[in-house]
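In the two assemblies presented below, chain A is common to both, partnered first by chain B and then by chain C.
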Partner chain A sequence: MKKILQITLGIVTSIGGFLEIGSVMTAAQAGAEFGYQLLWALLLGTLCLIFLVEMSGRLAAVSRHTVVDAMRERFGFPFFFIVLVGIVLVAFMVLVAELGGIAYGMQILTGIGFPWWAIPISLTVWLLMWKGSFSLIENGASLLGLVTISFMVAAIRLRPEWSSVGSAMLPSMPHGDKARYGFLAVSILGASISPYLMYFYSSGAIEEKWDRTYLPINRFIAGFGMTFGGVLSMAVLIVAALALRPQGIQLDTFPQAALMLTTALPKYGFYFFALSMVFACFGAALEISLAIAYFFAQGFGWNWSQNLKPSKNARFAFVYTLIILLAGIPLVLGIDPIKVTMMSMALTSATLPIAIVPFLFLMNDPIFLGKHRNGWISNSVVAIVIVISFVLALISIPLEIAGA
Partner chain B sequence: MRAKRFAIVPILLTLACKQPTPAEQMDSIVSWLGTAGMAGDAWLRHTTPDKYTRQTLELSSQRLQEISGELLKAPPAKIDTAILDATLTRSRAHIARMARLVDERNSPGFRRELDSLRIQQKVVRQIADGVESAK
Partner chain C sequence: MHLIRDVLDKKMVDREHCDMGRVCGLVMHVGESSQPRITHILIGGPTVWMRLHPALGRLSTRLAGMWGPRREGAVKIPWSRVETIGRDVKLDVEARDTGALDWEIWIAKHIIERIPGGGSEEAE
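Showing the complex of A and B:
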């Protein structure tokens, strides 16, 4: 009974915690500019994420190591340090974007400009990190994030042509701007395959003392939770394709995105969108802050646990305090979170090889996983998606910068 | 080898300075007119707050002015600049009046301005289609 409850809660929190500013804005821009045409990128990203999340949970349950612990042990500190720099820089940009998403949500609800919200929001995130336990952070924010299901309701109410939706699951060449199409595909892949999620998930498994008996639960949560989450992202793209594209609206700013749900859900759509962004980005900001703190603490061998008081793991608490403080600064200065979002999602794709390739080596190491090592299917799926993301990122990021 | 490396710098700088094409600028204009129209529709249905609607209308007007200013500095031959300029000036005037009418909570007046904006929107879309097909 307890395990069924855990599976249910795990799936529900995966759904509620799936969307964040990156996944919403990349999917919405793709829908507004290219209709359903980029649905394949969401499908590919979600598929890869299912495998990666399952792998990071399996590694933790079998070896009792987080991904970071295992990486440092297997490859040594100098190599780990390179990974740390790359991943933390991108994760920091994503944190700025998430705090910006909350601030923008508050702006459209209150009319008060987003820079004014940067400090109160950063303080609230920090306070919850300081006072809250791991399960409060993981479950509380994700349960509030269930308001994002409104995107799925809206997509169904807009009555998409399901045959066109189905055919867009296969990649096709765009009629319009190819560089932009490539950049959006890369950003979608980056938003879907967020490496911080692996570090967060494996650390969570250790916090919750998973062992081998949790392997089936892990598989269920990764499979069902991420699939439903991916369907939510697809719903965002479909809504943008049906509500914004006919008006010729391209999403350059957040206030434009706020109109997305007003066609399908006329009465409360605007508020559903604003609350979706506030709660979803809040949950993501907590997870990223925690993931960065885990990364440092596990990498440098410090005490770490979100369930301990800050006085018991002072350096761990110091890292998230500093990182949240720093992430608030660009917002106070008025830097547009949407631009940070799009660039950070594309950069995530570009840094995927340094995050994922060593992880794949770990997942094939008999010392850590014994008979629970990866099979050829999971190795192939992840490797192919990483290569596609990296190549697309190398080509399209310079072109997008040039075009901007 | 070193010379090749240095040659990349001016190429990147040239690319970084690349201006949006007229077709992209027309797409942006259509997008902001669509935004103003959609925000207007939502406000008339009483589904968005006044402050948000006013701010979005003001932002649309501001962006339209910026983009059209850039476009009209070096317009492509295919565009009748006099028509485009007049249409966009009228559009911005409608949007400005809509923003004022939000504050006055004047729905009938707002609806009239929105209908007029829709007419201008159609003209701009035709011009944008012409630029697109001439690419």
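Showing the complex of A and C:
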């Protein structure tokens, strides 16, 4: 009974915690500019994420190591340091974007400019980390994030042509700006395959003391939770394609995005969008801050647990305090969170090889996983998607910067 | 036992299973007539940064002398204190007495405990 409850909660939190500013803005821009044409990128990203999440849970349950623990042990400090710099820099940019997403949501709800929200929001995120337990952070924020199901409701109410939706699951060449199309595909892949999710998920498995008996639960949560989450992202793209594209809106600013749900839900769409952004980005900001602190603490072998008092794992608490403080500064200065979001998602794709390739080596290491090592299907799916996103990132990021 | 694979960079725990950091370096004694043997485990910033570049190791030592718990030299644990090597390296020591937790205690006392709700590092 306890395990059924855990599966249900795991799936619900995966759905509620899936959308964040990156997945919403990349899918919305793709829908507004290219209609359904980039749905294949969401399908590919979600498929890869299912495999990666399942793998990180399996590694934790079988070897009792988090991904970071195992990486430091297996590859040593010099290599670990390269991964640390790459991942933490990108994750920090994503955290700035998430805090910006909450601030923009609050701006829509209250009319007060987003830079004014930067400090109260950073303080609230930090306070929840300071006082809250792991399950409060994981389950509480994700349950609030279930408001993002409004995108699914809106997509169904807009009556999309399902045959066109189905045919967009296969990649096709764009009629318009090819560089922009590539950049959006890369950003969608980066938003879907966020490495911080793996670090957060495997740390959570250790916090909740998973062992081998949790392997079926892990498979269920990764499979069903991420699939439903991916469907939510697709709903965002479909809504943008049907509500924004016909009006020629290309989502250059955040208030334009707020119009997405008003076509399908005229009365409350505006508020649903704002609340979705506030709750979804809030959950993501908590997860990213924790993931960065986990990365440092596990990599250097410090005490770490979100369930302990801050003074009992002082260096861990110090890292997330500092990171949240620093992430609020660019927002106070008025940096555009949309630009940070799009660039951080594309950079996530570009840094995927340094995060995922060593992880694949770990997942094939008999010392850590014994008979629970990866099979050829999981290795191939992840390797192919990583190569595609890396190549696309190498081509499209310079073109996007040159174009901008 | 393979020293690089099985010991270096592994997490250490004390007799109470308190995390003590990772094995940053190993000291080996090479005698003229005897077999080489490991004498100490090294822990701490200077040792680990030295593995990236000697200049970073020197910089880390200099910075540690100016700020923080101001410990001179790396933390050394005699190899004879190693109890078992498995998932972690288990040591027959009290973590607080070795110096491995100097930074943890310093940050707790000087920063975290001063923030309301931070708790006390010494409380059970």
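Here is the rule we use: the second predicted complex is superposed on the first by the 404 of 404 C-alpha atoms of A that agree within 3 Å, B and C clash if a C-alpha of one lies under 4 Å from a C-alpha of the other, contacts with A are read in each partner's own complex, and residues count from 1 in each chain.
We adopt the following convention: contacts are C-beta pairs under 8 Å (C-beta built on N, C-alpha and C of every residue); 3 or more make two chains touch, one makes a residue touch a chain.
Since we're looking at a predicted model, the values are computed, not measured.
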{"item": "Partner chain in contact with A:P266 - chain B first, chain C second, else both or neither", "value": "first"}
{"item": "Chain B versus chain C as contact partner of A:F81, first or second or both or neither", "value": "second"}
{"item": "Which of chain B and chain C A:D252 touches, first, second, both or neither", "value": "first"}
{"item": "First, second, both or neither for A:P398, with chain B first and chain C second", "value": "first"}
{"item": "Shared contact residues on chain A - chain B and chain C", "value": "none"}
{"item": "Touch list for chain C against partner chain A, complex", "value": "4, 8-12, 18-22, 24, 48, 51-52, 87, 103-105, 107-108, 111-113, 115, 117-121, 123"}
{"item": "Complex contact set, residues of chain A against chain C", "value": "63-65, 69, 72-73, 76-78, 80-81, 130-131, 300-304, 309-315, 317-318, 321"}
{"item": "Chain A-touching residues of chain B, taken from the complex the two chains share", "value": "12, 15-16, 18, 20, 24, 27-28, 30-31, 33-35, 37-39, 41-42, 45, 47-49, 51-52, 55-56, 59, 63, 125, 128"}
{"item": "Residue ranges of chain A touching chain B (in the complex, touch as defined)", "value": "108-111, 177, 244, 247-250, 252-253, 255-256, 258-259, 262, 266-270, 398, 401-403"}
